[in-house]
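This is the structure, below, for whatever I ask next.
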């Protein structure tokens, strides 16, 4: 049996660990041959391949990124995309695909599965917002990087009596903010799921200064103020300290806090450093196990499924289930963190 | 309500995070007062206390160790131990206890609960071998430290064409070896649950050298050779390269591999560095949540329970359940890792 | 003898290590008493003090920030500032001052020394741009943090075929960019000392992509384009990919590269995480030695001097020498890095 | 011109950075061709080579180990060794050699230079004990790893009221112990240069416990007790707590302290993890600059020299000077650290 492997969407520590495990398990225990497709769905679409075997995968376990490359190419937005993919797989003698990716990549996989392509999915999102699985790999690495950054910022905040706003990833779900904020001892955590009241945030800031500790506010890039409680400063204006504030929620929030509390505030936008580099042990372990079980699912002919973590077990769930709904932070989970606000 | 808190047993990153969360939640949301008992069960036994409130807990979240101190004192091995503990609690006006510890500490808690002491437990073991919970805090930190060490040793092994044996913690269960070995790309992982065949280990070593990569063997301190397959060298003898090999399984194994394969082998015993220092984000998050829920359990009067992680939920299980049986690596879980051996 | 200690200017890992060493050496070997002045020159100006002895300094060696607090208060911009400082010192019975700080703080110290205040200086700048000393503490920590970030970004750059621009600290001198860029394997390093030609930068980007590796550009916050070679995009405009680019040199550079090369480019601004948190071993060692020697200088009555590293020796140089001139990257040093450009 | 490159002796983070820099500079600026010799002097002795160019060196900057492999082969202990090396170089058309290594490797280079081989040396020792240079690469990495380990052990020592002995590398010189001990806040540092008095060490232990902090003792593997002050326990005996103590100085010291003070003591032997893995930024910078200047020295025909760091300058010194004498910790440098003992 010949199996194609591809990785799609944004960078995520652990991708290489999945690839290595799929290949190792597939070759050793199931007698598969492998073919690597480059740059996500662009690979099978345009027939761009690379050899993939145990030797190719040597030494990649601790490396960030993906040896297969990635892209956001969507075959359903390309003329005759599906047809071309089927043709490539036929030409290459590829019987089944392992697709590693997030909502978009697995969304494509779901539709292809319905159209008769034999595909098994491995969920990947640094944001941890895929339903159907307790955790996705890459998330733990991102949370640790953000937590380390918060640890470092505490001393600056305290030495300078400043407010520090840390903007972390999370467009639609606040998981990174929630976990890193709890682990880093944030004074407030603002997430997309729950619009924030700027006045309450400023009250936390004041409280925190009373106890001689300076506040750290952790905010998801997708967090928004409550309606009617709109923040007054917009991009490009000068705030109370004469800084021109621009860009994303982190910068705007720092600006607004400065304006309202009279305390100097600065934003740090962690950005891409959250998604690169060597994965944590947890992410390597999870990614490796996803890979092993994906190879088994192919061997079992259980196509149209994706791997999921439930407790400490890896299970197979229908692809549609994993990508149908966004997993967001529940009010109860958010309430846990709020005990530490202020 | 007045609540006593104590930490018992070996050092474990995350203990301070539990203490901080119990206190914060208890004071803010349940109106509790707190009293810290020093050095595990010695505290309530001898009436050694320290003040414990939100202020005492400032800044401790990222710190390893425990501000309460620890010991292995067992009140059941001390004359009139239980009686004395009850008397101390009465004298101190303490209505309930939160006991944070491993098998021994929670074993005592279980018996005290049966004898009428109102106690809630928080499980703690770096070895992750407590049943009833998916993970314990401290484990993720230990695994990351061991994985980083393995990452570093790979380059030495390869540059010098040497075998490196890494001895990690785990007297009765191989969790740290399993996770760190998988995350670090070990050539073999030896755990207490499955006695190892030295000849097979040596075969992995040979295979590995054929592929131009040098082998790393990860071994739990509690691993043993299969019966009849006893290793020939004992402590104090000189091996093939003239090194006197001594001490634990790591050193003896390196010695034996050298003797049998003729390849130079060295052991690294990670020891105490696995259990100290700042916790990972995962461990801080888990410890914090255990603390929050323990305070709630006290408020609910659900004594005789301990906190447990199930998937991403914190649940309460009977203390006896958590300490009754050791959680060990199953043959299936071990088989997953074996795909990478050699 | 009674000695006051203060820390001024921006946060810098190693400040606490200096304080601890001054105090330890002063108390143990010279019989000094100590008094801590809070928040830089504000302390002696307004008489805000804290106790300072061996006990106060326990456990602070690995901590970032400064237990004394900091500020940018300049007594020469305050009415009767010098007079008030002299009065405070007299009132507190303080015979000599140890001032730990950068250009501004030591500039004040220099003038106060000329006006008869017995002061010894310890140089501090994360930017490493104080003349008279080979290195300043905090710099090595900042360079390591920036290097780690670059390490992480490599995998994202390669997996996504993207240009990544990393903006590091360095308003007037390019030391952090130079060291982190060399250590991180940057494709180009842009520093304030040498205005950059945007066309040459874009040529490096193209070359780099030809070799299948994606480029990382490291840029000091104070870097500027050559005259006449001005970049076309200004804040607030949309670039080739429709991103609104704003703010500092990092963002503008990414935007300009995108516009000119048609390759997607992103900026990461490391900001405050470069100056907080635990110091590296080098910075702890250097800071500790600066502290020990500063206490000795006070004992020797060698006022008006500051500590400096020359090779592996700590020497005393006149305060004026250390603060008179900015230490910048020489053309020769910059040329070394250029071998790796492209 | 054709230049051979080899790396000899023990593993040391930064070796790959040197190789990459030599090659890059040599090819780009001097038009050299390169040939890699494998496994130290074994390469030119037996004619074992590998291709070496800019492409071979891609991505190796952050990697520990050496892509050329290493060994301790000494051509002067091999029949007709020198003759054979000269023959290999002639056969391979190699005009000059860059030898990267420690005392042994450079000792061979020194003699070969005297016998007419055109060789330039790059000093390498994790122990930092080569005279002629302020620092060698790899040392800073080792010191940081040891310091991090000490940081982690502090919390265990304190939570358990235990003595922790940390054995670090340094057979003949105490640099790693001195720097890591100072950076980690050790209660005592024992180095080969100054035999220790076990009674004084125990006095430090007692003092430390009085202040409620537990002691960490850092000891070089080559440290020895003063004559007449011999330690009583030898390998294999049981100490006060019934532990059988074996092996090196770390274990024996812990045992002796337990016996004499009645405090529980444990040893941690860091071993090989000090010499593997990714180099620190400082080591990458130093190694890279050594490489650049070595290529220049070849271009200038300045054979028989080795590169050295003096302050922040890279200079060329005669090979004999760098290897003639061991650089050890002076009594003055050791005295600085002693301020913190106890």
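Per-chain numbering from 1; labels A, B, C and D assigned in written order.
FYI, a residue touches a chain if its C-beta (ideal position, glycine included) is under 8 Å from a C-beta of that chain, and two chains touch if they have at least 3 such contacts.
A quick note: this is a predicted structure, and the numbers were derived from the prediction, not measured.
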Joint neighbours (chain B and chain D) are none
Have a look at where chain A meets chain B and say same if over half of the interface residue numbers show up on both copies, different if under half do.
same
Suppose chain centres are the mean of their C-alpha atoms. Which chain sits farthest from chain B?
C
Name the pair in A-B, A-C or B-D that forms the same interface as C-D; by residue number, over half of the contact pairs must coincide.
A-B
Can you check how far apart chain A and chain C are, centre to centre, with Cα atoms defining each centre and the answer in Å?
33
CA centre of chain B versus CA centre of chain C: separation in Å?
40
Taking each chain's centre as the mean position of its Cα atoms, how many Å separate chain A from chain B?
29
On chain C, where are the residues touching two or more other chains?
151
Going by the touch rule set out above, what shape does the chain contact graph take here: line, ring, star, complete or other?
ring
Every chain pair meeting the touch definition is listed as A-B, A-C, B-D, C-D
In their shared complex, at which residues does chain A touch chain C?
10-11, 13, 15, 63-66, 69-71, 145, 148-149, 151-156, 158-161, 164, 235-236, 246-247, 266-269, 271-273, 275-277
Report the residues of chain D in contact with chain C in the complex, numbered from low to high.
21, 24-25, 28-29, 55, 58-59, 61-62, 134-135, 140, 143-144, 146-147, 151, 179-180, 182-185, 211, 213, 278, 280-282, 284-285, 288-289, 292, 310-312, 336, 339-340
